[in-house]
Amino acid sequence: MGSSTGRLFRVTTFGESHGEALGAIVEGCPPGLALDLEALQADLDRRRPGQSKLTTPRKEKDRVRVVSGLFEGATTGTPIGLLFFNEDAYSKSYDNVRDLFRPGHADYTYEARYGRRDHRGGGRASARETAARVAAAGVARQLLAQRHGVEVVGWVERVEDLEATVDPEQVTRAAVEAHPTRCPVPDVAEQMAARIAAVRADGDTVGGVVGAVARGVPAGWGDPVFDKLDGDLAKACLSLPACKGFEIGSGFAGTRMRGSAHNDPFWHDGERVRTRGNRHGGTLGGISSGASVVIRAAFKPVSTIFKPQETVDRDGNPVTFRNKGRHDPCVLPRAVPLVEAALLLTLADHALRAAALGAR
Amino acid sequence: MGSSTGRLFRVTTFGESHGEALGAIVEGCPPGLALDLEALQADLDRRRPGQSKLTTPRKEKDRVRVVSGLFEGATTGTPIGLLFFNEDAYSKSYDNVRDLFRPGHADYTYEARYGRRDHRGGGRASARETAARVAAAGVARQLLAQRHGVEVVGWVERVEDLEATVDPEQVTRAAVEAHPTRCPVPDVAEQMAARIAAVRADGDTVGGVVGAVARGVPAGWGDPVFDKLDGDLAKACLSLPACKGFEIGSGFAGTRMRGSAHNDPFWHDGERVRTRGNRHGGTLGGISSGASVVIRAAFKPVSTIFKPQETVDRDGNPVTFRNKGRHDPCVLPRAVPLVEAALLLTLADHALRAAALGAR
Amino acid sequence: MGSSTGRLFRVTTFGESHGEALGAIVEGCPPGLALDLEALQADLDRRRPGQSKLTTPRKEKDRVRVVSGLFEGATTGTPIGLLFFNEDAYSKSYDNVRDLFRPGHADYTYEARYGRRDHRGGGRASARETAARVAAAGVARQLLAQRHGVEVVGWVERVEDLEATVDPEQVTRAAVEAHPTRCPVPDVAEQMAARIAAVRADGDTVGGVVGAVARGVPAGWGDPVFDKLDGDLAKACLSLPACKGFEIGSGFAGTRMRGSAHNDPFWHDGERVRTRGNRHGGTLGGISSGASVVIRAAFKPVSTIFKPQETVDRDGNPVTFRNKGRHDPCVLPRAVPLVEAALLLTLADHALRAAALGAR
Amino acid sequence: MGSSTGRLFRVTTFGESHGEALGAIVEGCPPGLALDLEALQADLDRRRPGQSKLTTPRKEKDRVRVVSGLFEGATTGTPIGLLFFNEDAYSKSYDNVRDLFRPGHADYTYEARYGRRDHRGGGRASARETAARVAAAGVARQLLAQRHGVEVVGWVERVEDLEATVDPEQVTRAAVEAHPTRCPVPDVAEQMAARIAAVRADGDTVGGVVGAVARGVPAGWGDPVFDKLDGDLAKACLSLPACKGFEIGSGFAGTRMRGSAHNDPFWHDGERVRTRGNRHGGTLGGISSGASVVIRAAFKPVSTIFKPQETVDRDGNPVTFRNKGRHDPCVLPRAVPLVEAALLLTLADHALRAAALGAR
């Protein structure tokens, strides 16, 4: 278990970093959706390493192949098979981690759970798996845009202590893509780039925060009690590699406010009910309110550092481990499409759930 | 959907605040577990309003009835039915909210989703529903303790800006229960109590943060990719009323660290692999590491304030709303058993999943 | 697991034959359905023992209580809690089966699975559990009738070798209810009644076949591949106590036909596509065709006979077992509402699934 | 939905008859299972068309590729990706069915559900999809054999009215494979072969019955109430193309017996509890009894006949349809691995469920 998400818009991923292929199966996508394969590939390219000198120079071509579920350019309602074949995988470079447990990685926990692991490139725990979910999220993005008018945008909000102030109602994908850091505030973006370069030179890594918004979500999405929309979003974010925290709306900061200041008053704009302010972040009681859904996800500093680290091997012997190869010193720019994927997959699922209810 | 949680230790709740009864059905609890009904009731009593003058003086007797799944004091492997009958529900006192939407509450979103709602006491969205999940979590607590040696303790870590420093490895339930605030640091607890009293006098409300730990979780629990242990914990917390944020381990603060400082080195204590430090919070790659699982949940200030608020009625007309009745000015003390429930239900489910795998 | 069915119209049952209460939780029923509680009780009364001298004279009052999910007479979209309290349970009369395994019953297999069992009245394996699913099916019946114009009727088609020829397009509930055997062909019904009386006098039991039809099912319900409508119907029937076989449309008899005679030609009646003949039984490729859904379920002779039987006790010692108490010699009349329940619950679930797809 | 089966041993298939690729993702297979890829391919070859002159001469190479979940020859606990690429697909030969609905096929119902369909070779409704589930079942077969000592064998029991008497306790795969009909009784097999040849010459088709047994299933597998082992088996069979009926144990014939003759007495062989006779077919109350699980599945005559048939096109106009191409006149021999797959996938899932319970 664990390789599937969603109840009605259901995505199953498979594949290891250095196996033959990875992929995602998307079940439940409604029929008749014209799928723009170029846009799908463009979504994927944003996740790929090697987009700029800020990120790892590895080449992953990641050309997605849609092997099922499409007929004459549109979905048929049957499972959409999305495949990537692995190339250029230098598995040998991982021989030194075969028998030891890298700090901060899942080597030890996979062994504890399964008794064995594919150590090459992190195996199933590799961030490469996220290519599959970003591909599936690309389908969700087109579904949400075409059928529901929902738009999702993510951005880098903070790297270490360098923080940008971003207005979720106004930020555009173009502004985010304008800088390789994916921070839409140019001067902060420049500082972040400099910081990342300095950290890389030091063999170290940094973390930060990604923010994201879904605009156009109608009121009424989300199942109360255990499948709240915010609950599913939190799970989708915490299921991303390196994510250690989640907030919606006012989040942790809101806990320092008084109720009289925090409550968002309702008003009516002549067409529909709205709130003044959006401290609630777009959900009340786990159901969307019609306000923008605004979330934030915390990413720890990358575990793959280039300083010597103490650890143990499979037999419990202490060893000093030193990474080889090429890795991001900062995952934040590439985490933007991942947090967007968390939003997209969750919202697509809840869009279908709301339809099942017959409520919308 | 939405009223069930867990895949193998599966809990379904039902019932409205002012309906005839509430309850939880627990499917998948292994047979032969001797169930201590007094301990179960004691867990429930911690959630109940009216425990101290800090909380609402309403009386909810909340005597749980176990109507199925038990035979001669132990579980049979069949569904455990847990029932509460509602008494003393003054539904009339909610007549004034029948046609309007209370700010910060789910009145509007329920109507947007379902087209109608039971307005009495918040209906299904009432925090009273949590009685059912706390009862189910009481079963999980006994399962985890008896079969796996796992202990879960939660505490109030912060009220507004009043923050206690609590060591997750040492904190005890006795220390938590020693003060009605459920803050185990006495002087901070006193300040919190004073703050809550002052806020109540002002007709306002405050929020804060609950911390919780699960000690004794073996390495190997959690399904990677989409059903990570931390993902399920995040969802369980965000599914609690008023929760707006979640952290595991270093959380948001950890994003300000460098990788070289954040990674927890592995060592071997002669018996098993351990980590120095617990910035990872007990999970790596979504699977438990054998370290304590440490989480934090943010609760917004209570939405029910006693100052006039602007809102609209069902027809969109602006109205000024003023609460009547009795409500907590601070949900934190009663949120402790809820965050514990989130941990307990999630861990019980993953304990069974690990068993299914045959890995442990 | 095992106590829930349906993905979107989801029913969970709980309770043992001699426990404190049984019940069903119905999740996913759309909001705004006006629920006729008298009709619900009438559905239940058909399942109850003691309706005629053909069936057991035990009294089970089986007054259902709707404890949640209803507000002002209509569903709210939240879980509907249906409860029965057990009364008049003479548990003592089962003391003689406490330590032995009754042939044909689930005593041994429950012990093999769970290591222990509630032996009183069959515990969880008792047919009494079906009261809960018939209650849930009563909700499904009203949903299907009000929202989709679907009508479900079942009948006793065969008892032992006494077979009635029934036209699924014409049979009515009134005709079925006109005779205590629930066989709508009066002279066959009389023969069945005489046979059952004779078998009872002999201390033996008989089996037979129940037929059922759903009329008005639109084309397009059913998920292909693994969740075919006929697959879900088969599972629902085989999950009934004592059911050992299932057919749809031509069933086993159709396997003796040639394809040229079996295929149902399509034609168009000016309004919609139809088939000439209904050997397919209302599904093609697992999806409803718009023709009536016609199924048949085989029920073995009742396992509780009143002749001495050889068996073993828990320690493996051979014992001769002789039943005491009151039991049906023929389950068929009371199986009619159960097969209807199988149809109703399955169709309600697929009605919602089709809605989720946005296809209908 | 509908493209997945199993709760813990979970299989998702994807792909259309004439799409780029088909496949299955197997989630939940325990780690450390040495997978014999030759045996897996041998399982698949039995399903393939063109094995003998009794079946269609089409060539489907169906070389399966295992693209994930394996490391150094054994499973890792992560999803196993099984892929087939389509070759030699003469899609043009289906142009004549693009706009009409073939009798007995799913053309019309897919359009009713999805509004559109991939008409080439039956698209998703093609029996070619079963290659994917047979591949997944091959993994289940090795799991069940290696870890649980369970063996599954199927056979052709009847073609039209030609019936073989087969002892489920004794029949071997070798005996089944000895004749292209897969009937293990040589003289009946010869008659079947002659019948099939005659029917083919006539442009017509025949149906029949497949029997199958699982030997070595321990007592205690199966979830009572809604997920009975027999219920899941019935669903798995009815989800096979052309299957219209299911029996377990005595099935429909058993409904003509008296209870005193039908009940299987228990006895103890010194090691474990057993039954005299196996009219119950290996399950009691939905849970395995330790006796062999014996099932039967009815297959209608193949819908693709070579006589002219009346039908309508998409616009409702009457048309006379005449098949082209190559097709089986009798699906029975190739249905044997499909019924085995139904048993294998269901049992593998319940093996894991029992493990989750901790009962076995």
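By written order: A, B, C and D. Residues from 1 in each chain.
The rule we apply is simple: contacts are C-beta pairs under 8 Å (C-beta built on N, C-alpha and C of every residue); 3 or more make two chains touch, one makes a residue touch a chain.
Since this is a predicted model, take the numbers as computed values, not measurements.
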Other chains in touch with both subunit A and subunit B: C, D
Selected interface, B-C versus B-D, where C-beta contact pairs are more numerous: B-C
Most remote chain, CA-based centroid, reference being subunit C: A
Gap in Å, rounded to a whole number, between the CA centres of subunit D and subunit C: 26
Rounded Å distance, subunit B centre to subunit D centre (Cα mean): 46
Distance between chain centroids, defined by C-alpha means - subunit B, subunit C (Å): 39
Residue list for subunit A, restricted to those that touch at least two other chains: 1-4, 7-8, 13, 28, 31, 77-78, 113-115, 124, 224, 353, 357, 359
Residue ranges of subunit A touching subunit B (in the complex, touch as defined): 1-5, 7, 11, 13, 101, 103-106, 108-110, 112-115, 124-125, 129, 158, 160-161, 199, 203-209, 218-228, 230-239, 241, 243-252, 254-260, 262-268, 273, 275-276, 279-281, 283-290, 298-305, 307, 309-312, 316-318, 353-354, 357, 359-360
Subunit C-touching residues of subunit A, taken from the complex the two chains share: 7-8, 28, 30-31, 77-78, 147, 224, 352-353, 355-359
Sites on subunit C touched by subunit B in the complex: 1-4, 8, 10, 12-16, 19-23, 25, 27-28, 31-32, 65-71, 74, 76-81, 83, 113-118, 123-124
